[in-house]
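Chain naming follows the written order as A, B and C, and within any one chain the residues start at number 1.
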Amino acid sequence: MEERRQTIEYKFLRQNTHHPVPKKRFTFAIYLGLFHLAFMVLMGFFTKYNLGDGVSAGKNGSNLYAMFMDVHSMMFIGFGFLMTFLKRYGYGAVGLNFIIAAYVLEWSILIRGWLEAGIHGESDFTLDVKSLLVADFCAAAVLISFGAVIGKASLSQLIIMATFEVVIQGVNELIGLHYLKAYDVGESIYVHIFGAYFGLAVSKVLQGTKEIESTKESSHYHSDLFAMIGTIFLFLYWPSFNSAVAVDEGQTRAIVNTFLAITASCISTFIISLLVGKGRLNMVHIQNATLAGGVAVGAVADMQIEPFGAMIIGTVAGILSTLGFQFLTPRLNESFVHDTCGVNNLHGMPGLLSGIASAIVAATATRDKYNGNRLYTFYPSRVPSLNSTEFANLSLDATDFANGGLGRTAVMQGGYQLAAIGVTLAMAIIGGIITGYIMKLPIIEQIEDIEEMFDDEPNWLTPEDYSLKLTE
Amino acid sequence: MEERRQTIEYKFLRQNTHHPVPKKRFTFAIYLGLFHLAFMVLMGFFTKYNLGDGVSAGKNGSNLYAMFMDVHSMMFIGFGFLMTFLKRYGYGAVGLNFIIAAYVLEWSILIRGWLEAGIHGESDFTLDVKSLLVADFCAAAVLISFGAVIGKASLSQLIIMATFEVVIQGVNELIGLHYLKAYDVGESIYVHIFGAYFGLAVSKVLQGTKEIESTKESSHYHSDLFAMIGTIFLFLYWPSFNSAVAVDEGQTRAIVNTFLAITASCISTFIISLLVGKGRLNMVHIQNATLAGGVAVGAVADMQIEPFGAMIIGTVAGILSTLGFQFLTPRLNESFVHDTCGVNNLHGMPGLLSGIASAIVAATATRDKYNGNRLYTFYPSRVPSLNSTEFANLSLDATDFANGGLGRTAVMQGGYQLAAIGVTLAMAIIGGIITGYIMKLPIIEQIEDIEEMFDDEPNWLTPEDYSLKLTE
Amino acid sequence: MEERRQTIEYKFLRQNTHHPVPKKRFTFAIYLGLFHLAFMVLMGFFTKYNLGDGVSAGKNGSNLYAMFMDVHSMMFIGFGFLMTFLKRYGYGAVGLNFIIAAYVLEWSILIRGWLEAGIHGESDFTLDVKSLLVADFCAAAVLISFGAVIGKASLSQLIIMATFEVVIQGVNELIGLHYLKAYDVGESIYVHIFGAYFGLAVSKVLQGTKEIESTKESSHYHSDLFAMIGTIFLFLYWPSFNSAVAVDEGQTRAIVNTFLAITASCISTFIISLLVGKGRLNMVHIQNATLAGGVAVGAVADMQIEPFGAMIIGTVAGILSTLGFQFLTPRLNESFVHDTCGVNNLHGMPGLLSGIASAIVAATATRDKYNGNRLYTFYPSRVPSLNSTEFANLSLDATDFANGGLGRTAVMQGGYQLAAIGVTLAMAIIGGIITGYIMKLPIIEQIEDIEEMFDDEPNWLTPEDYSLKLTE
């Protein structure tokens, strides 16, 4: 009978003596539980349902819930599987992505709710489909940062990172949207730039470049196919990501532009990958750089950039991203900061490209291009101030523009877009460095042994075939 | 030429002499064909299109079709891939799930149509998107039961099980909803409790516990990753499952509550898995218990339980489910009833938790909590009877409440929720035992050899690398 | 330091001396870049946004965007993963599918835009969600053709094929819909028949049957599971494919009919697979023939065929397709034309079945069946001519039928449906043969060595475990 039980347990548990479990991991589980408990209590004090909004069909007949579901899929299937390319970190990719995203969803609902309530001078806030969507956007930033440090940070460290990043990202986006009034419908500045450079700053502080010695940071044939599940879902649903919060005709533009830009980056990636790969395609490029157009068009997706404009942005992004993966990352990994998934290439540089594009587009936006007063739907800060003669002459809709605007010129708006990039970079890098040092506090589990990097064995019970996979 | 053909056939067929095919399997194929033929004839006699309903935008602008598609994905991708964790039963998981679900969709459209028509004293019924959605809910019950017996029942037995379960499940849900008027928007009682205990009853009758000796009931590294595809899709679309048939503000509540509950169960599962796994995460928990919050919030998802209430339910469900997988299932498997996927932990116990929650919530529902008369939208049986003075005093909407109600008190409604659980448990267990004995009739193919369990080879033509996988 | 860099590069690159890269492949990359550049320029000259249409909620409350997303998923996840069944061509399946689909989306937006504009005597055209959906339909045709030649054509050849096929397919569909007025809501004639026979014609010209000697054209256990991801997504979203452009009550019918037909083909496939497999199921059948019902109901999906009619069509399609995979394809592969994915069985024959069904349904369509004047919504060419007495007697809606119709009888309409099949077959086969010969031009990279067929190594940088997979 005793022997029989052993057989049964053997099915699920493998003895794993190589990697002893540090005590700190248990302490961490307790902390995570306390955080979660605190979230529940806070949710009890501060939130109610928003019952008036329903499932929020937009004004133009779109379905917010369906778009939210697409974005939700990108977080869990898209990011989760994209990172399974690592041959021995598949559980970690999809599993740790799962817990980090779930944790961030809870925490960011609170943070975003408080920030929003704070602006309006209220003390509590309501939840509806849009709250959940915003939480998913916030999760995107953290999961991008996760991409920079995957395989090199302990679960405890990742949760610490998420805890701080949610707050800093939320504050940064508030500054950008509310104070600078820099628009970014697809979150290229506030999520992609922020997430990438926050993650890289953390990575720099955590390990620097020693992980370069690991032999486990590579893929297997089937792990690359799992990763393609992530790639394809990100590719498919990116138009929803960039258009979910767009309004009116901006939503159609955001869908069409994102579709064209990401398709263009797919094509330019294949071309460049073939050229730099000496005639052979490289899965790392196909899994990642193909998506750069979605990032790069983000900050201008709902603007009047014209279909060919979207294609140009996507094409440039695909080229830039592929070249980054091929030439930049190997060198940076070795000499300055290790970037496991190459988030600088997929999110960082294309995000910067998008931000710069948004400044140019804003600086050249005219009433002509936007069919007259529709300009102000997309650039409300360009509405003249209430008592100006310009305001009176425009005969604007009394309901929407009752309080007038800031009277910014096109060039001023372009400048504010650039300012938002600057602030975001500063917040991300400084925030990431501080967070990184907190993650290195000795009370938190560290991964210092190279053998423990990019390996599921230290964190997971593994099946019988796992040790064989390594020697394959 | 003859040799060449052999080469060609070799590509598709492997000689497989270990597992001879029993004659009964052919007989079964004929039966399945006859069933299907009968379904077509019956469909011809009894059904028409419901052309008035269109693609059914709900009153609050939601899109029934999109939510139906989410639920549909849960059945085929979610359940199908969730069960691929078995290292040698991947074809069976996704393939048998496919045929069982398809068979159930056809059969349940008829059964549900007849039951519905019967209530209204009609002889035929119409089909629209909602009919297909209801068929998917019914499929969920059968696929849950499949999870209890996967790897241990022949395809013939599974079809027999599906045939009976659809009828019994349909009758049970009719009793619960129509006669007891016990509400369950997310089908936690009528689908999850029912499916789990029906399946366990069948499993008990079929084999008892001898399958415990099999060495094949475990996972490989990549089979666990395939299973995570199922997990993530179930996680993503659960809000659609619980809210698809909810109405008005109840739909927003159902979305928000399910999102919060399932996220909470994800977090609590990771914590408990780490603790009970001596510091290591267990894929069995992550694949399953993370979803328990979706089940546990089901029966109260559209109710005024408040966001923190949803989180508490989800947290408790995740803990309960993980502990079940860790401590209860290994013991039950050995001593009482074998439960391949642990459906007791993911569907049974969280379903019971949900049912009990629904009784408590019903027993404490007040007009205050539901903004006055809106209470009766969610608890119509609490509408006072037509000629009572209470009814007159409430000045209810004449169209919706023209016939008055049953005049139940809150506590009475809570009691009826408990009654529905009791009836469901009885119907599931007795129905499952009877169905199990029918499945054991000697005219039906049985799986008696332990070597044939949890193995695709007896049922499928397998590729050349299949035999190697075992020894890996 | 130099040694360290070698280690790093080793992670991504494997020396691969077996398959030298031909120079033509680089030339091709340049060409592809030029094509893409040309598309951008042309897009700049000819397209604007359609800003009036929004995200296009249909009249009956459906959501075009959500359905478009479903169809979009079918192209990239569905087709991409369906073809990963090949044990050594997984990168090629999902990767080349990715670039071909992306390329076709760009090119077909232009071609379809020009054709549409040409009909209306306009010089430019607008883009909205429907344009993207139509581009996806066009991609389906090319991806079906890809299925016939996968593993045997170089990437250059595939792009050449796509370039010509998009034009010929577009012209053929224009002839069919605009001049012959033969209706085909689910694109069974214009996409499935066309794509299958175009691809087979190309395959015939390219290699004939010599690839039959390859030992690599078979599956592994896990590659079959990857393929099931494709199968299931195609199965799930087929109702969206067939109903996305349907109108009014036709959309409900298209959803219900496709759901029933594809479910029926799933069931009949399992039965026949079991019988012809001597009691064992064959993954090739399950991955493919299960979907034949979706194709076969396509051309009549929105018509009044009744639920049982849809089931009959699906059942027959499943049987036909399974028998084709079992008996026809092995013989054709050997003696006439090699069809890697068996597109004749999944798209060709079921497409023909659908076309014939559409002729019969059209020839028997009466005003009675369609509730009087609603007939003309689905068969507008049957509207009597403007000055006829029949036209006056019908008292048709002045807005929709202001110009009268062609006054076709039911039988005439049936004849035109058959004519469309004939024209499509002719265009596909002749177009495919010509395209095939163009693909064989010596300036384009050819795959002539059998060792290079069905193998990712010639086209991709492969990971360390790749060579081991072969010998497994």
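Criterion: contacts are C-beta pairs under 8 Å (C-beta built on N, C-alpha and C of every residue); 3 or more make two chains touch, one makes a residue touch a chain.
The model shown is predicted, which means the values in this text are computed figures rather than measured ones.
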Rotation angle superposing chain A onto its copy chain C by C-alpha atoms, nearest 5 degrees: 120
Proportion of interface numbers common to chain B and chain C (over half same, under half different): different
Rounded Å distance, chain B centre to chain C centre (Cα mean): 34
Residue list for chain A, restricted to those that touch at least two other chains: 63, 66, 222, 229
Contacting residues of chain B [partner chain C, same complex]: 4-5, 7-9, 11-12, 16, 21-22, 25-26, 29, 32-33, 36, 39-41, 43-44, 47-57, 63, 65-66, 69, 72-73, 76-77, 80-81, 84, 90-91, 94-95, 98-99, 102-103, 105-106, 127-129, 131-132, 155, 222, 226, 229, 459-466, 468-469
Chain A residues within the chain C interface of the complex: 58, 60-63, 66-67, 70, 87, 212-213, 215, 217-225, 228-229, 232-233, 235-237, 239-240, 248-249, 251-253, 255-256, 259-260, 263-264, 266-268, 270-271, 274-275, 277-284, 286, 290, 304, 306-308, 311-312, 315, 330, 333-334, 472
